[in-house]
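Across the two complexes that follow, chain A remains constant while its partner is chain B and subsequently chain C.
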Partner chain A sequence: MNNRILGALRSPITFSVLAGVLIGALFLVGTGADPIASYEAVLTGSLGADGIGSTLTTGTSVLGMALALAIPLRAGLINLGGDGQMVLGGITAAVTGLYSPLPAPLTVVLALLAGMAAGAAYAALAALCENHFGVPLLVSSLLLSYPAVSLASYLARYPLKEPGSSLPQTRSLPDGVALPAFGDSTVTWGLVLVVLAAAAYWFTDQRTAIGYEIRMTGLNSRFAAYAGVERRGLTLKLMSVSGATAGLVGAIGVLSFPYRFVDGSLTAPGYTWTGLTAALLATAAPLGTVVASFFFAVLQVGGLAMERTTEVPRELTQVLQAIVIVFLAARLRFPSRWFNRRKEAV
Partner chain B sequence: MTPPRADAPDVAVELRGITKRFPGTVANDAVDLTVRRGEIHALMGENGAGKSTLMSILYGMTRADAGSVLVDGREADFASPGDAMAAGLGMVHQSFKLFDSLSVAENVVLAAEPRRFGLVDRAAARRRVRELAEEHGLAVDPDARVGELPVGLRQRVEILKLLHRGARTLILDEPTAVLTPAEADALFAVLKSLAAQGRTVILVTHKLREVLEGSDRVTVLRDGRVVARLVTAETSADEIAAAMTGRAVELDRIHAPGTPGDVVLAVSGLTTDGVSEASLTVRAGEIVGIAGVAGNGQSELIEALAGLRPTTAGRVTLLQQDISHASATERRLKGLAYVPEDRHAVGTAPAASVAENLAMGHHRTTLSSRGLLPPAGVRAHARQLIERFGIKAPTPEVPASALSGGNLQKLLIGRELAHEVPLLLVEQPTRGVDIGAIQNIHDQLIAYRDAGHAVLLVSAELSEIRGLADRVLVMYEGRITASYDKNQADERTLGLAMAGGASREAVTVEAVD
Partner chain C sequence: MFFDSDLLMSALRALTPILLAALGGAICERAGVFNIGLEGMMLMGCFTAVATSWFTGSPWLGVLAAALAAAAYSLILAVGTVTLRGDAVVLGVAMNLLAVGLTSFLLRTVFGVQGTFDDPSLAGLPLIGGLSPLAYVSWAAVAVAALMLSRHVWGLRLRGVGEAPDAAATLGVSPTKYKYAAVLVSGVLCGLAGAQLALGNVTLFTENMTAGRGWIAVVAVMLGRALPLGVLLAALLFGLAEAAGFRLQGLGLPQQATDAAPYVVTLGALFLTTARRRRRVRPSSTGAAS
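== the complex of A and B ==
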């Protein structure tokens, strides 16, 4: 156990985060700000009584998207279409919420399931493009994302637009068609759902035969193929689950405040990219993905707080994020070098 | 700085007290190596003995922690292979560093092109290659595309490349691993003539026979230390093998034949990319060996049998069930296990743990129930196989990349044997594996056969085929061109057939049920 703690401390992730914090401090000093006060503002703003709710709400979306991207990434597949799948999930949930004849609680469940189904189907389409037409997944998923986002935008601006409103948004969902919140916070059951999804991902990854096959495919796809893992089927399954998770995030977004689909509100905060970063940072390991997502949610929310209280622009936290990523990317070289040495030496 | 010594002119390369540590191991421990000018010096040792590390230090790819390198009597401190080349060293790596789509001449002059008005002088390049080839007996067509050349000729291109750059000392890493016996003989003729011209050859190898036939002196490494310095003319295979392994080993054992039973695998007219109309049968309790130079369709045939390569024609039955169109998984479930040729790229996931690597294939059968794969079961399975097959791994949790070549191969073979299925396909089971491990692996394969399983063995190593196989098929240019019983399959006959000497009519493949 001691070794594990030591290992975690020595890991490149700790190093990258510390290096990011240090270089960020230099930036702060350079702009004439007090780094300690600024970092304090980030932490109190995100983890203090006023900020924690916001961090958990943001964390819900970031973790959800991080999971959506981590699941295929574990097998070495990159789903770049998170935005499209999330937005389709959102608009589908909104339509379901608006027009479902069922009682409100059932409508909520139905809207979540419909959102997941829409995301899954759309991601599966990207997988089919790779499997049957040889379009690389990276390309098919990314390019399919744009028409999905545009379609949702069109729906929110024209057929489904709230009458009389000047904003590109649908009508508000009927009373009761919403995820229950904790107390009077903005944190909803959406967080629970996403955490459950993370737990399911961890369990599948660590305890099941398919999780094992996924990991081995990610580590060496030829090895997995040799042992009979069928790549096309796996791609299709993983992309469907990935899309379903992204769709779930979209549906949660619509079923939480402001309880409607607002064009751009799901994509503007960049959850997909933050999520992708978190997943890459953790090399898609389940627990690491959770921790990294939380870290980025803290940075995102704390950055806003820092801007309010210290007049340091919140872009600085993006700089911090970027530095952490650059250091992590550099890490990619170290293990391979150790790896080569070991191969030679033993 | 050490001043040049009086005897320096005789010595081409001298390594003094080279020590190199890696986390957890000492790869080279105060190694001294003296290579005289104009000799063929064999550097021998099992995998992990420190040969590669020593050569990468000499060639500027790694730096030593202690010790010095002297080339032509002058102290050298190479920061890169470029420095080493400038000092007159040249290395032919095990995997060739050539551009397949370029011509021989282009490959040879690359990075040292003859120029004219600032442009590459192609005519001069071709001329240069022809001259070099003639001078050293390395006939190659300068205009041929390297990708279309057989391996033996590609190796010549590598050697020409070094000679073009003026290398006086040539380091060859396992040069005969991919050659036919005849090609190997040709290579040694070239090396001997180079040595006679005053060039120096360092031969890194673990093959005893070629060392005995082709070298002047031998330095043997074991566990990072020099354990023997021998003059080839005064030593024997047994003495070198004993120095390499630290114990007496029985070399080139011919195992007793098996007792073939019912047909397990029957293949008729199998055709795929690289294989035409292959027909063969393998019976229970029998090892059928496929001999052939690498690249004559053996790998493709085995991949097709394993369900990893689509076939265009032919019928394959396993225990009378038609598996001609079955997927890899279905074939495994019907009773096939497979040890592929490339253990790093195909047979294992080097970054995954030993336990995870040992679980592959078992993860859907014995190790899991209702889709769950309990980690405790995976670990127990790993410990059991590590014990049973003598795999040297500190714990089941270390990554497979931490194992030596021989141990990784034991892992792979152990994993596949543990399936206890009727048919085992095994490719190059001992390529790059230590002598000690070779014996162990051969014993395992024989025991598997004697337990009544069918084994189809592909090997480029003639001694292996002769030692293990009850029947030998030879593949040449995608066809099975000859079939011999154990007692007919002597080295000369097989060598001839591998080089295409067996006529198509000579095939005596049994009829398929």
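== the complex of A and C ==
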């Protein structure tokens, strides 16, 4: 047990997070702020009674996108097209919500499914580009993302634009076409859906044959291929699931406040990139992804509170996130002898 | 007339930042370093160029500072992948994110504004023959890179390090040294690309103003097979797509369609070239383009 604790302390993840927090403190000192008071503002602003609802709402999107990116990452595939898949999911859900003839509760379900299908189809397209045209997934998914965001932006500004509004947004969804919220908070059933998705990912990863194949491919793709894992099929499946999850996040965004598709509102908060950082930090492990997503949601929401109380720009939290990943990618960790000496004493 | 000299000039303006960044990417690729941090390095260049030009009043110092800052920033990639043997893809993605965060943070702490810094007295680069001086620099850089890679001993050693690092090391050529040099050169070129974007194409700084151009440069490296002339052609294709997009916008097409055009054209070009290459190398091909 002691060894496990020491191992966790020694892991590059601990080092990266601590280094990020320390470098963030240096930035804070540099701008003339009190680092302890600032970090305190981050924590009270995001976990206090006023902030926890906001953290969970942000956390819904961050965790959703983190899962979307973690699923292919577990097999060593990087999906950089999360923005496009999420936005397509959102606009598809908005169209379904506006025009579905079904009763409201069924429309909500249909809109969620339609959003997932749109995201899945678009992500599958990126997988096909790699499988059949030899365009690396990293590049094909990213390049496809821009036209999708442009298309949704066009739809929200012209054909679907709310008549008479000066904002680039669709009409508001009909009454009742919305994910129910908990009490009078902004936290909706979307959080439950995303947590269920995380649970499904955990189960698949830990308890099923395909989960094993995925992990094996991630650890050593050539060995996995030798052992009979069909790589193209796996890429297509993983990207479809990844896109469906991203589409779900978009659909949840539209079916929650403000109950419509607003151009830029899904992409501007940077959920895709925060999600990617969380997935990378957790090396795509299911439980780790949940923890990392919560950590980054706390940072993102707490950053706003920090800005209000200490006038330090909230962009600092974005810097912090990226620094953590830079350290992690460079595989920096505490020197092993610090721990070996203590281990001998134990 | 749709194709005229205006269109060409506008294509050449769009070309310059991509070409500079892509050239840096190609040099890294040749040295065996996969550099997808071009976007972030460019963005650091943009901010440094604007900040230096603003505080010193000289756009030339801005260009110089941008090159130095981006080169310093590129050291993250060099240390991370060459010395510490980290994952170049993750590191590149993280560097791009860090650049967005860092420049937005600095924009607010240094200039006290959010989103865009734009001031009439911010000095941009002068035009020579209708183009920024950096456009000519970029063409010269293509020629120099082409000659160095194919004729000069440094270029040969650089390629050797990229293709067979162990063999190069046996011959007394230090892979580490050449890889560091390649990454630093790409940093300088990306810094120039950023300066061109922020002081040449426009004279302002906006959050995330590179808007995917670094990624287009990464694709241009693949499309041009890391050859300086190939990269020039690939970047020119993108420049033409962007310029034609602007022209079509003038003819009434929505802005969103023209925003998307360069990415679609780039992807289409990738399809065509990789499809042809695959047909030629089949059946031994394993699929993914390297």
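Worth pointing out:
To be clear about the criterion, the second predicted complex is superposed on the first by the 325 of 346 C-alpha atoms of A that agree within 3 Å, B and C clash if a C-alpha of one lies under 4 Å from a C-alpha of the other, contacts with A are read in each partner's own complex, and residues count from 1 in each chain.
Following the convention adopted for this analysis, a contact is a pair of C-beta atoms (placed from the backbone, for glycine too) under 8 Å apart; a residue touches a chain by one contact, two chains touch by 3 or more.
Keep in mind that this is a model prediction, so the values were computed, not measured.
By the touch criterion defined above, A:W273 reaches chain C but does not reach chain B.
Judged by the touch definition given at the top, the superposed model places A:L113 against neither chain B nor chain C. Judged by the touch definition given at the top, the superposed model places A:A322 against chain C, while chain B stays out of reach. Look at A:L144: by the touch rule set out above, it reaches chain C but stays clear of chain B.
Residue by residue along chain A, chain B and chain C are tallied for touches, and C comes out ahead.
Contact with neither chain B nor chain C is seen for A:L128 once the two complexes are overlaid on the shared chain. In the superposed model, A:I210 lies in contact with chain B only, and not with chain C.
Taken in their complex, chain A has these residues touching chain C: 27, 31, 78, 80, 129-131, 133-136, 138-140, 142-144, 146-147, 150-151, 153-154, 157-158, 232, 273, 276-277, 280, 313, 315-316, 318-323, 325-326, 328-332.
Considering their complex, residues 22-25, 27, 48, 52-53, 56, 306-308, 327-329, 331-332, 338, 340, 345-352, 356, 359-361, 363-364, 367-368, 371-375, 399, 401-404 of chain B touch chain A. On the chain C side of its complex with chain A, the touching residues are 36, 76, 79-80, 84-87, 89-91, 93-95, 97-98, 100-102, 104-105, 108-109, 114, 212, 215, 218-219, 222, 254, 256-257, 259-260, 263-264, 266-267, 270-271, 274-275, 277-278, 287-289. On chain A, the positions that touch chain B within their shared complex are 206-213, 215-216, 219-220, 222-230, 338-339, 341-346.
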